[in-house]
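The first chain written gets the first letter, and so on, giving A, B, C, D, E, F, G and H; residue counts start at 1 in each chain.
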Amino acid sequence: MAAKGWIEVSDTYCKGCELCISACPQDVMELNMSRLTPKGYHPAHTFKDGCTGCAICAVVCPDAAITVYREITKVNTPVTA
Amino acid sequence: MAAKGWIEVSDTYCKGCELCISACPQDVMELNMSRLTPKGYHPAHTFKDGCTGCAICAVVCPDAAITVYREITKVNTPVTA
Amino acid sequence: MTTPANNLVYERPEAFTETPTHYCPGCTHGVAHRLVAEVLEEMNITDKTIGVAPVGCAVFAYNYFDVDFVEAPHGRAPAMATGVKRVLPDRVVFTYQGDGDLASIGMGEIVHAAARGENLTVIFINNANFGMTGGQMAPTTLPGMKTSSSQNGRDVETQGYPIKVSEMLSTLEGVGYCVRRSLHDPKNIRLAKKAIRTAFETQVRGLGFSMVELLSTCPTNWGMTPVNSLKFVEEHMIPAYPLGDYKISDAIKQIKI
Amino acid sequence: MTTPANNLVYERPEAFTETPTHYCPGCTHGVAHRLVAEVLEEMNITDKTIGVAPVGCAVFAYNYFDVDFVEAPHGRAPAMATGVKRVLPDRVVFTYQGDGDLASIGMGEIVHAAARGENLTVIFINNANFGMTGGQMAPTTLPGMKTSSSQNGRDVETQGYPIKVSEMLSTLEGVGYCVRRSLHDPKNIRLAKKAIRTAFETQVRGLGFSMVELLSTCPTNWGMTPVNSLKFVEEHMIPAYPLGDYKISDAIKQIKI
Amino acid sequence: MPKELWKGNEAIAEAAVRAGLEAYFGYPITPQTEVLEYLSRRMPELGRAFVQAESELGAVNMVYGAACTGVRVMSSSSSPGVSLMMEGLSYIAGTEVPAVLVNVMRGGPGLGNIAPAQSDYNQAVHGGGHGDYPRIVLAPASVQEAIDLTVLSFDLAEKYRMITMLILDGAIGQMMEPAEMPEMKPVHRQDFDWATNATMGKRERRLLTSIYLNPLDEEQTNLRLLNRWKEVQANEVRYKEYFIDDAEIVIVGFGTAGRVALSAVRTAREQGIKVGLLRPITVSPFPTERLSQLTGQARAFLVTEMNMGQMLDDVQLTVRGRVPVEFYGRPGGVVPFPDEILNEIKRINSAPTAGHTDARDAWLTRMTAQV
Amino acid sequence: MPKELWKGNEAIAEAAVRAGLEAYFGYPITPQTEVLEYLSRRMPELGRAFVQAESELGAVNMVYGAACTGVRVMSSSSSPGVSLMMEGLSYIAGTEVPAVLVNVMRGGPGLGNIAPAQSDYNQAVHGGGHGDYPRIVLAPASVQEAIDLTVLSFDLAEKYRMITMLILDGAIGQMMEPAEMPEMKPVHRQDFDWATNATMGKRERRLLTSIYLNPLDEEQTNLRLLNRWKEVQANEVRYKEYFIDDAEIVIVGFGTAGRVALSAVRTAREQGIKVGLLRPITVSPFPTERLSQLTGQARAFLVTEMNMGQMLDDVQLTVRGRVPVEFYGRPGGVVPFPDEILNEIKRINSAPTAGHTDARDAWLTRMTAQV
Amino acid sequence: MQKEIIIAGFGGQGVLFGGQVLAYAAMDTGKDVTWIPSYGPEMRGGTANCTVVIADHEIGSPLVKNPPLAIALNLPSFDKYESLLAAGGTLIVNQSMVDRSAQRNDIHVIMVPCNEIAEEIGDKKLMNMVAMGALLSALPEVSVKDVEKALEGHLPARHKHLLPKNYEALKRGFEHAQKEWDKVPA
Amino acid sequence: MQKEIIIAGFGGQGVLFGGQVLAYAAMDTGKDVTWIPSYGPEMRGGTANCTVVIADHEIGSPLVKNPPLAIALNLPSFDKYESLLAAGGTLIVNQSMVDRSAQRNDIHVIMVPCNEIAEEIGDKKLMNMVAMGALLSALPEVSVKDVEKALEGHLPARHKHLLPKNYEALKRGFEHAQKEWDKVPA
């Protein structure tokens, strides 16, 4: 099963350019037409489940607006230095 | 027999740089140490026979100081256009 | 939503300030900025870096990086960077320049900084036009491309041919590292970042002049959506400006990142 | 000595004025001048030629050719020539520039004239120093070569590497013809003349930017006799600046001279 | 021709075309870019030369080259770009070829901003390039004037073989006003006896250069230029007066600062203050004579500029302490509003100044206190 | 230190080194080249930065970059080269970083010649780059003064965060005179609180820029610079006087023109003429106050320059018509001989002028008649 | 006579063109007029405005600090020009884009739901013409007819087919404003 | 006291260095002094000259139109400075390079066969020092000893071995000039 992830899109930075949306391999993103950022843009958000936390959206975001998280599946894996 | 030629070195232009002298394949040139041009240079001249009129001296002369002539051996050769 | 730190996959680099950029939505100037910030942070050189901003849309670059910055006259960033680096050789100095800045008015300065092998890193944004002044033709504008000063499309007969800057600079011995990358998709963005990293490593190791040319978009002046702009890069810019490594000196080839 | 005209093998070209040059004895600027004059005369274009003189030892070039001449600011001859040629496209316009003029201060102008494919002919005299101002280092000064501003020999680490101008400009699409020749012996002088001829033919036929780089001497500032200067060209300049055809567009390859 | 709404920058471009412009060389810079953009379309359409140069340095030298052939040629830029042209301008002046340059000034120094300013007055009129050389400098205050002066600038440049500069601020470049274009003149290439356009086998060769190795020759050239300048001073002074007849306070201001002052003058007149406006159109040659006359009539002058007092010196040089000269300036890209100037008028009107030695100092003190 | 014979250009170079010059960027041009050549050897020897730039444009921007780090940095050039630096100078001024620039002036305009001239006075003092910005300009008249003012220029530049220019003519650059060098100072990098030398993790980041998008901010910057200039005017005026105490005729001349005038003054004094010399050392700030005082004492001024009357305007601006001002200039690279100035002194002494409105006009008429 | 008008809104709302049409209308009826935009990079994605001055004499300043008339097409413009308007002046506000009412009571604030009206006409872009119509209710020197003629004369050919809708928008804006005026206590 | 001296000749004749030695000698004896060359491209293969001014006060002009003292090492310099010399002045002429005699009789012209004397000493290049010696006969403010010391102090180290010959050249020039002076009618 694919990893489960989630993202946060910052209202301060997002300009609704849609680059993340078109890049997301899981097609789980869209502009949130019901909200406006303080600058007046419709920000991106995930509108359905399926985010894998692959961070591709963050890689393409020109405004470093996205923070990506992933559920930790293996806990307590010892970290080798 | 090699063609017979001769050169004229202009006092107005010659600066005694010796480039012609070192280039002349017949080694017939030298600076004329007994003469000074109006600018104060010893000009080049041919000091002995043997000039073939090959014009190599003129090709290397930086001051376009040399005029080259060659004896015409075949006269009345019809010129084809 | 509680988010244990080790859940974090990606976050805004710390080398960035908190100022939102003034770039148009979707403009890949922002991507280039982010990559530079990530590299500075990863290499742990933020503290000793001095940036040189151009005149162009990136004129305010100095607002976004958490490093000292100076702002050069249009095209003169490489000269200004030379001045900085020569007196502070242990600092990391980079210029960030557009194609009008670097390839038009600043051609003399970039060629000579490269020829001198100045230990600088140049981030060169090729977006095929003068973005800031409203989209005039740049030396890198594609043949036939319409801009506000080539309104019927660039006519190479009267307006000249595009300059392939990376290819040109790579003829210079002082250049250690010179490559062209693109910002049009995630894969290429990752490659671009690696190149930027290598460029800064080149500088840190004193291996000469390094430059990364980045194919970038200008949705506003190209009159396209951001998404279509990326397609334009892929379909039209890359064929004209092939991606690749134009010069990597032997010493730099050894660098493992 | 009576000399029937048909005995004549060589005489001073008519495209020359009667003014003796101000060049130092043995300086091959004079040879380059003579070749240009011969070509103008042979092509019968003296009447419609306009020359653009540089700032450098050739600043007085305008005194020696029997053609209209203008005198450009240091390094700006290609821009000035562009101005002339664009309003008088049926005239023949050439610049005559030294390596300080063309490759140092004038780098921006030459690259862009070439990139635009301006229909101009550039005669580029590479004598590895700034002759006129007393022999300072030029971008073309050889590594290790002593000049008045590289008194311990050019140190490539701090003073940069020589720029190979022909190689560099040949990366530009607008360039039709770009070759390097030398003036150090009769054979090479003849080849140089042929190249100059081809360059002007390129212009006359509207085939784009043409440039002939000529390796030349500066006996005065090199501190050598004229004859030894030629040897220096052969032994040191040519290995650093290989003679050759760097770019000849297909259309130009067809030209038969 | 009927009036049309023209944007200042585009009006200048079209006016130049109609005056017979044969070649334009320029580089984009706000707030001038519309000149270049307009001509990038218009010139090729007419088969005339247009090149977007690699830089202002390239542009000015292309202008120089084309000017040597005797055609009508122009460039345009804004402050930082014009600074890059200084060497070229000095060469053009030294070579005595005619050329037209438009500077749509913006806030400075350095990169500054793109807002309207008049702070390149000194560069245009006094300093600028190296060496002594005169130049004609015209300062339009409206779109119509921009058109008319563009046409005039070519005539003057050719008549006196001299650089003619138009200095305007971004406001005039960007604004639209109703204006009348001159008729389209056919291009008429004059056969100047100095132009290097190739002998074509018909004449002796010509040289155009600014080098005079012998200082005595250079001195002669300098004097020749200055003598020619005297002619310009005698023949070409232009200015416009408003409400001057009975004015006791005379405002001197050019370009936008001048027209803003006009609004203030109107209001002041409504309030019964005898104030008038002298608006120099040629800032070089400066209307010295007229100003000198007014020194007999006015009891105070007020110089208004969008800088820190540049034309001010020229006014003071003329007035020579005979009447108080006051100054009001807004530097850095700020356009004064009429009420600010009105306040100055009132101040001067109600408390006549003792006549400080330095109007700039007094203004600076007031400004510094204020902001 | 004992006196040595120093060539002006080399003396400036060595003086800069001893004042702690950390970086030099320049481009060869006669008659300044010895500065560059000297430093090309000397700076690397000391482990300091030297770059022969690709051009003056490159050089001024390298200076700009180094100046931003807070080190002592300098460039030098001659007239055409300095014209190419105008954009950069305006940026440096707008960024308020200290930098020193030497202009060894030559005959102009254009390529002109390489003979000594003073025709870049206006460029240095008034016009030059775009925008309003003050700058300090020093004019040495001897090799010793060139040394002393070079050292001073770094101090002033740093104190006021301002461009300091030395303007001298080729004669002073090329001549040798006995002079004393200052002690070699160890390089002392000051820790300016504005310098962009990387945070090194110890402080907040810094920006240095000349952009002020909001005109009101730019205006504030302009006013700040002008207020700082007032301090310079109050503290830094320097001049030298000769035979002034009882002088009825006062010559005003700087640099070589000043020292040539001194010879003439000596001879005139021998002939019983009460003439003195005021030689401005800071031409910007100009010794306005002293000159104003002298207006009470002198019955005429004679301005001597190697140009067509540039400082003349500053003198006239100060004298404000209270006493006649006369002018004698030799432009184009001609250095006047003392007897020419002596003749002027005699002319003024014997037939006191009525005080023309324009001294330049009167001079031009005389010169034109003469040659 | 001299009247100054500022039109302000987002870039893309037709602010500059609206001002030009007004300028043309004034010019065509023989008046002197100036139109001046805010310009430069701050326009990028931000707000735009232009100032139109109409007079029957040579116009001095093309800029005005406290205009007697203004159109605010969005909230930031409403915020800015409500405070700058000259006392007694009239501010036309695009009610569709603001969520507050007027704060000053020494000026006339006319609220017009420009977007809604334009959408009713069938072209969202005509919102600027609706506002213009409303403005004319406070600018007797220029009539709706004058502006219609200006549109006819200066609309680019490819947009000529939109003329009727433009007229409609002007009319609807004017009428809406008239009604608002009627509500204003005399 | 102020004395001005011009030294002129071909480039390569040691004109500039000769002037510098004189300047050093004057400086080392506590006088004020200036030395100024002609400079620039016109030097290329052409003539060179320098002006030395010696005074016991701050020197004004470093250039002089009509010098009281001059050395002409070649014919063009003789031509030029014979006419420019101040009346009553002294011109030292390198007789070896001129083929005419003096034309003015209001100046003293001292002919010195500098080349021949230098060649006798064994170094053609010392020709300038021969002329310098001759000049000193007309410049009481600077003695031969002073110049000798200046040479010792300022000749580059690698040339120090030439000092004796330099002294010899100075002496021979001075003596030759003395003899010429004796011929001059009082």
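Rule of thumb we're sticking to: a residue touches a chain if its C-beta (ideal position, glycine included) is under 8 Å from a C-beta of that chain, and two chains touch if they have at least 3 such contacts.
For clarity, every value in this text was computed on a predicted model and none was experimentally measured.
Here the largest set of C-beta contact pairs joins the chains E-F. Set against the C-alpha centre of chain B, every other chain centre is closer than that of G. Chain A and chain G, compared by their mean Cα positions, are separated by 42 Å.
A straight line joining the Cα centres of chain A and chain H is 88 Å long. Chain B and chain E have centres, each the mean of its CA atoms, that are 61 Å apart. Contacts with at least two other chains are made by residues 41 of chain G.
With touch defined as above, residues shared between interfaces to two or more other chains in chain D number as follows: 24-25, 59, 71, 73, 104-105, 107-108, 111-112, 116, 139, 159.
In chain F, the residues touching two or more other chains are 30, 51, 54-55, 57, 80, 87, 91, 95, 110-111, 113, 115, 209-211, 213. Only residues 3, 5, 30-31, 113-115, 170-171, 174-178, 256, 259-266, 335, 337-339 of chain F touch chain H when the two sit together in their complex.
Chain C makes touch with chain F in their complex at residues 46-50, 52-53, 59, 62-63, 66-73, 76, 79-88, 91-92, 108-109, 111-112, 116. Only residues 57, 79-80, 82-84, 86-87, 90-95, 105, 107-113, 115, 117, 119-120, 122-133, 209-223, 226-227, 230, 292, 307-308, 310, 313, 316-317, 320-322, 330-334, 357, 360-361, 364, 367-368, 371 of chain F touch chain E when the two sit together in their complex.
Chain F makes touch with chain D in their complex at residues 27-30, 33, 36-37, 40-41, 44, 50-52, 54-57, 80, 110-111. Here chain D touches chain B in the complex through residues 1, 3-4, 6-13, 16, 18, 20-21, 23-31, 33-34, 37, 185-186, 189-190, 219, 225-227, 230, going by the rule given at the top.
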